[in-house]
């Protein structure tokens, strides 16, 4: 459904031309006149109509599309919550997932240590980067396959499923060999070939919202994956870019209830990247749960002050234990189950 | 404290000129050379240094000010939470305020009805607009003094203190005659003469964050009020403007813990204006409490579908009762007292 | 004209309720069904329909308003360009205004000196602040009436009309006594009582866009003024707030052709506040003229490095002379007349 | 160079810990006390210091990095403008490039027709998409290799070098076989593996700014390419995402003079994607040239109303001819050479 508002000075011939163009693609156009202003309500095949550059016709003032552009991920398509299940990790439909671990895998000791303490404090999944997207080419870029092997060893010992980022479609097989959940990072949310690629495999995907992506675009990106056949997708709110400089990004807490309302996919919140500050992790985590989130992904490190990346936003073992305990209480208060 | 980075190609004479200018206003300049790059650390009287247009000097690359520009509202100035107390309304220091009521006072019946049902559901303060800032000159602008009289009558009956907006310094006496808390709206957050005026009276002020204001600017606006002598100030996060269109504004939930960390002033959250959608009021209210807010201000109306403004974001009596009940539970869970 | 999209799962009774509510305010509702989705096209009195909180009705998905909310300032209302004429200053309809001068009046000597050199380089109007809106209560706030007297003296000598900011409705008479053009600053763009007040006097108004205001809101603010009877309004693009930190604000250059397209009011650009950097003043000034601007307002100071405010973005006499010369050439190239 | 501001309540032990940590990585720390506030100026190896999570240490208030994080693309590294030369296309160092053509290659006839008319009107390069990044998986995704063959045929006939987008590192060889300039789209500006890949080939790259990228991040992305050995990089301003809805994006015109100031790379402006509206292409093109741009990339189509993508922002042959003529005049006025 599309609505077209013509300019007040649009001529009858201009109005006629628009109506004729719509008819040519098989759409039905209903014309309304109010005083000297014409509006046209358009019905017809979604894709045929969406492709028309109606704004370019003389006399057209504005065009508004009323239908949401995604289908498979919408709540209308599937009313029941999608649930992701894999080892300790259950996310969605009343199950709450607590994924934690270091920004990047630095050493075997650091990662095993992190896996142990987050497990001990109640985490249900382990995060850790093997390939790191870094703004600077001079920054640490990750250990690659060695990191994946270390993560697999940590899973072996703790039983925690491993969540790790895939940046490059050429690494898909490698990541599939080791990871339980494939993370698509914020910078790749609209890397459409990468989305299509993970849509063709049988492995859960954690899709992060781009720094500047609208919620509609996030759901469209999820649609890219689901449309290829992989329906095990969770979306992750991790902060958007605004003018505020007190935080690294601005956590869009409203994203949680809105996505829950519009889609059946689980919603995970990343308070670490959203805020960039350890002192905000706990309040933002509790807020996310209270807003209805299905999971959290939190950076934690055995010794944040030595971390090769994101040390300023990584919780220490003591801080993580305290925060995880509050998280568990709030999850219970909301009537959900951790794990 | 200010830091100056000179350009790599700055000449010794250019560096010397900056140092001399700083000396001329009584500041101390410490010069560091790293390879060919000079940086200058500046110490001295805050205001003398802040007024210097150092960026304009040849050879200067960047200037960074390290000290926060507010004093009286900072946590460093006063470690203990400021508490606002007035009738039912206690906000800050473990007391949680729940202010509710209609966007604007439309009729005596509507306002009394609203006051009764929000009181019955646990509200501790009554909001209602007498003077309305409206984007369109053709929209309802408020009933003025008649509205203030109606609000006073509602307070008489329910005991709820009245929170109402002051838009124009010429109405200050009128508002003081009837209101318990003076609200400064988002559009007037940097109306500095209005801030100074309410700083000179003995009445609590609820200061809303501008749509595009940083947290530092919000605290600076509070400083304008406190500096005139009125320390009974609460600040209100009500959403900022971003590219996201799914909500009216984007609630910056991180503002809550950040302000609590940097300032002793109580923080109130307005989920109604932040979201513009009734279905988001409850999740955002719970999130705000979980993040550490000291109060909420929520729009409620006996019959939202007939409201003259903000009907789409106003809770009905039934919806308000349900939400207020969840709010009360979460306030208790956080170890705070409602009222 | 309003369009309502119902949810796919909206019931016939819900659809009926919306249609009935519209009928109750005298609007005509045309219902379209496409598959299971209903949309409703609404015609009727603009204000009656705009006030309805249709989003609040059960089953409603989205509401879109198609008509622009302003009238008197629209190009449809008046096809011919509004022209402001006052002494040297002609703005609009092929006349280009070059307003220049210091951020604030600091001393008689500084202001007279500035007036002389900007006049000598081709300026057609003099700017200078008597009342300064400052983020910090500790910053210089302006000299008040003394500054207005100095500006009047500078006009006496140079013949340049004076543009100065009005911040407080209580100073209107004072400003009217001395100023030729009343400036409404960005922070007061939605100070609706102030807008109404300057709408009731017979003096040109320069209305600056708020840091976070949409172009529609800017034109609505202009509508507030014009509706009260004062049609001598120019609007000013001065940069909006974005995530970019390399400039003080982001100059929205597209605002120029868009406003020229939608409104008959002249458009002035302020490159000084938009960029905050002297080295950007000339390229942004030329860009503004090329984009169709009707005028510029530029900060210039006899000795920027001693300025009490905005020194980093104020042009020196030499720099202003060079830039003004390029401006004059570009104005001629665009087929407009300076003054 | 980094500056650290400690909190007012930081203890001597906390200050000592930070200084010791800096010493441990070989950096020199200069401590200043002003009253009770300590600041620390840090000198040392850029990468060693940048990796430290100083914010995480107790007592630290803020950390500010003063040096720019890119090197090879900076004006300091190379003072002389980089010039791209390839057939008709010369960009940089006084040469202005006018790249035009359709959003996507739809048919042989459409593309050849577009190439002919843009050439006839003065274009020096041909754009056209073979692989299209589309927000919706249901939209036209491009013709792939067939499109590249058509573009090569158009080059054969017109002599115009071909600019086309590379989305997927797996298509690099294919694109290299046909294209003269590799475009990296806005959504891939931080696809770091793709950047590294095009950094290893000998072919000019047109790097578009991400919708939400700062200028510093854009230059960092360029650094990724140049660092791998390919110095033939031009950067493209194509609008950023803001709250304004009157345009598709907000053209950040200040980006042009800022990048020219900080970097030796040529700057190209894309008014089509920045605005999304045909009526803005000419004013924004002229503004870009006036601001100092080295080139433009403009969408043009033989019949915009039938275009499969971006029809609303594509110029028709007549409109392109008129705009290209004004562009040529303005380029000459700025003292540059077209081609």
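All chains are identified by letter, namely A, B, C and D, in their written order; residue positions are counted from 1 within each chain.
Going forward, a residue touches a chain if its C-beta (ideal position, glycine included) is under 8 Å from a C-beta of that chain, and two chains touch if they have at least 3 such contacts.
Model, not experiment: these values are computed from the prediction.
Return the chains common to the contact lists of chain B and chain C.
Both chain B and chain C are touched by A, D, going by the contact rule given at the top.
Looking at A-C and A-D, which one has the bigger number of contacting C-beta pairs?
The greater number of contacts lies at A-D.
Approximately how many whole Å separate the CA-defined centres of chain A and chain B?
30
What whole-Å value do you get for the distance between chain A and chain C if each is reduced to the mean of its CA atoms?
38
If you average the CA atoms of chain A and of chain D, how many Å lie between those two points?
25
Two-or-more-chain contact residues of chain A, please, as numbers and ranges.
Only 212, 241-243, 245 qualify.
So in the complex, which bits of chain B are touching chain C?
That would be residues 21, 46-47, 50-57, 69-70, 133-141, 167-170, 187-188, 190-193, 196, 210-212, 217, 220, 223-224, 227, 241, 277-278, 304-305, 307-312, 314 of chain B.
Within their complex, state which residues of chain A touch chain B.
Going by the criterion above, the answer is residues 212, 214-216, 240, 242-247, 250-258, 261, 274-275, 279-280, 283-284, 286-292, 330, 333.
In their complex, what parts of chain B are in touch with chain D?
1, 3, 5, 7-9, 30, 32, 34, 37, 39, 41, 43, 61-62, 64, 66-67, 76, 241-243, 245
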